[in-house]
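I have a structure here, written as structure tokens, and I will follow up with some questions on it.
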Amino acid sequence: MLKVEGASKWFGGLRAIDGVSLTVPEGAIVSLIGPNGAGKTTLFAVLSGFLKPDSGTVSFAGRDITGLRPHRICRLGLVRTFQLVRPFAGLTVRENIATGSHNRIRSRAAALGHAEQIADRIGMTAMLDLPAAALTVAGRKRLEVARAIATGPRLLLLDEVMAGLNATEVATMVELIRAVRDGGITIFLIEHVMPAVMSLSDRTYVLNDGALIADGAPGEIATDPRVIEAYLGHGAAARMSEAGSHA
Amino acid sequence: MISPQFRYAGWLILVLGLVTAPLLISSGRWIEFLELTLFAAVLGQGWNILGGYGGQYSFGHALFFGTGAYLQALLQFKFGWSPWVAMWFALGGGVLVGVFVGYLSFRYGLRGSYFALITLAFAEAFHVLSRSLISVTEGGRGVSLDLNRDPDMALATLQFNFAAPFLKAYGYYYLILLMLIIACAATWWMANSRFGARLVAVRENEEAAEAIGVDAFATKMAAISLSAAITSSAGIYYVQKFLFIDPGIAYGPAKSVEALIAPIIGGLGTVLGPVIGAFFIHGVGELAKETTGLVWQDRPGLDLILFGVILVLMLAFAPRGLVGLLERAWRKLSGTRPTERDHA
Amino acid sequence: MGNKGSELLINRAQAAMEFLGTELTRYGWDTVLGSAISGVFLGSIYALVALGLTLIYGVLHIINFAHGSLLMLAMYAVFFLWSLAGIDPYVAMLIVVPAGFLFGYGLQRTVIGKTGHGRDELVLLVTLGVSIILENVALFAFSADERQVHVPYDLDGIDLGVTFAVYPELAALGGSLVITLALWLFMTRTDTGLAIRAVAKERQGARVVGIDVEHIFAISFGIGVACVAAAASLLAPTYAVHPQTGYLFVLIAFTVVVLGGMGSFVGALVGGFIIGITEQLGRLYLGESLGLITISAIFIAILLFRPAGLFGQKI
């Protein structure tokens, strides 16, 4: 469904992402992990059209979408959420979601109705008439997801949607994401909360310093020495296996 | 929160009241007052589309007023066109200027204070140009339209100073009232359409809006075009009523300020806001003149000081304007929870 | 397009070039230089006004729309000190500058700081509201008549060859440079100046180390108004004041600040001189009224193509 080939983005002398290639098959949940500053959000920005890559291509459902503007990419079915949530603070939850519905629906009344349905699926019916600014962090994260789903996407990019949530909220979000995928939307997510990554992902990519260093099933990734080094520092993998053999 | 039935009833009462007002008011001075107020409301509604709904505060809205006015005047003065034909070109010209300024500003991503500044700069530039390009605009002398003294030609020339008694007394009043009704209808339609939903989304968070499929640039361009059209219509009215326009009146800061005061005080991003704001301001102004006129002998500037103070007070204590205050009062009275945002 | 078409185009281009050539050389070198020099004098005052504006932006991150009206008010103060008490405008500086500082301090502490709620759009409108109030207070109290200070030495000066520099112009240049130097020393050598720069760079961090940020905001605003008051004294001998004077200066002040870069001292200086010279040359070549359009044109061009200005950070 999504195919990235050799994507690179430089900011002055800083290489944010370098020759990244990956694929996300339709119907899968794929995760992208890596230490802070690895370039994950930059990659998402490139995929969703907020940044133009300096080289490389992005194709979505067989169509080259490299360099297209974000709203065009959304109309084609690829939508992203933001790491720091961006609700339409002055509007109600219903109006927020309805703006997403308008991606496919023209009529105001129909969009508002559609928003109610989406809110129902996500479990936000009670909050429909609250201003978005009145929601908790967890609520805003769910609103962000709801709004994105309302656009009728085929691929959803979730950027650290679990950040700032407690254990219960994480569990609820994991359920939600699974339900969204089961409803027919492919998911590509950036995440730091490892248990969520483990339980959700069909496949995991690891980004470090702008380059992909590993990919595979989440179980394999967790024990890959290169991944351990990326998170814990040079020589950590060796130290860990030594410590293991001494135990 | 205020249920649709109440809202429609409220609007119906307001419109009926304004339409029948001349029958109840015989004093020319009050008709004059209403004309000025409705004029300010039209100007304000135009600004409201871009500033209230769109969140792009323009400090140079005189740009559109002046262009509409000058085109309306010059096409009649220089080429003898009928005002009924000229007005379409005046509207079109205003929209073109809006597209021009909007394209430059939005293409280069100007927002917030920088957008306000550039609109100011454009208004000043047009001010200087209209004063210097004498062959085109008659320069500082301004453009004076011939007064029509033939009552039979009143409608044809869209001048009511010499007309049948009813038109002579109320012609201009109904003209500006009609313009306001059209402006409010257009605003109401926009606010309840997909375009309106997208516009306020862009206002609240432009990147998030882009991410969910809103073409922010196109949306803002449409907003500035509609805003320019409504504001230009006020310019058209001005020329037909006063038969005179000059660079200072057209592009000076006075109209730019007048355009933004009513919607801010009345309530940004609501259809009722500019109307209620205009009535409040002009009403307070009249009251001030009555009570202090004897003491200060009508020295200029007093009313604007008052408006400035009200503006600052509103921004400090009631940023959502009079409409916001009314909504709060209604909620307290009826004890209802906050529901869907009032679109009136 | 064809041969005919391109021939026509070349003819037109040639005609335009010739026109430009005659226009540019219409005035002799000495006239142009003279204009440029008077631009330097004017520019020094612009720089001073812009300094206050850029300081306010750099520290408080607000675009002070009331800046022009504050200048106008200060000029009225200088005028009345002269007309009612016979105080020379340069001497009046000793009075209006501290008064301006106090007024600015109070304005920020009581009105702007309290009403803005920290939101940029609101603050913008609040400063606009303040400018409306100040302008019309002046109109109401002093009427729309122009007021001009007349000093006995305003026609004496030094002959520079290409132009005659009158004392007020020299005083303006000298005064601006001295005040700018004083301000620079203040910002770099005193504790308060250091605190101001700290708040400008990192607001929350400054709070954490115990700096009273509200107080610093008000001081910065006060200094901004003090600069404007000084500029008013320097302007008084040559420029008349009326209620609209502020509005005329606002656009120029903003152009200077945007050209130089928001928040940059050096930028305000350099920008001031560039605008001063450009305005005078514009007046020379395009005439009194059209010359003003050079300011708007520069302003628009910078906002579109290089909003950070010459020395500012990218916005």
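Labels A, B and C are assigned to the chains in the order they are written; within every chain, residues are numbered from 1.
By our rule, a residue touches a chain if its C-beta (ideal position, glycine included) is under 8 Å from a C-beta of that chain, and two chains touch if they have at least 3 such contacts.
These figures come from a predicted structure and were not determined experimentally.
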Quiz item: Of all chains present, which has the mean Cα position farthest from that of chain A?
Solution: C
Exercise. Using mean Cα positions, find the chain sitting nearest the overall protein centre.
Key: B
Exercise. Take the average of all CA coordinates in chain B, do the same for chain C, and state the distance between these two points in whole angstrom.
Key: 32
Self-check item: Cα-centroid distance, chain A relative to chain C, in whole angstrom
Solution: 49
Practice problem: Could you please state the distance in Å, as a whole number, between where the Cα atoms of chain A are centred and where those of chain B are centred? | Solution: 44
Exercise. Specify, in ascending order, the residues of chain B that touch 2 or more different other chains.
Key: none
Quiz item: For chain B, which residues count as touching chain A in their complex?
Solution: 192-194, 196-198, 200-201, 203-205, 207-216, 337-341
Practice problem: State the interface residues of chain C toward chain B in the complex, per the touch definition above. | Solution: 63, 65, 111, 114-115, 117, 120-122, 124-126, 128-130, 132-133, 135-140, 143-144, 243, 247, 250-251, 254-255, 258, 287, 289-290, 292-293, 295-297, 299-300, 303-305, 307, 315
Quiz item: In their complex, what parts of chain B are in touch with chain C?
Solution: 55, 57, 59, 104-105, 108, 110, 112-114, 116-118, 120-122, 124-125, 128-129, 131-132, 253, 257, 260, 264, 296, 299-302, 304-305, 307-309, 311-312, 315-316, 319
Self-check item: Residue ranges of chain A touching chain B (in the complex, touch as defined)
Solution: 48, 50, 69-72, 74-75, 79-82, 86-92, 94-95, 98-100, 102-103, 105-108, 111, 129-131, 147-148, 150-151
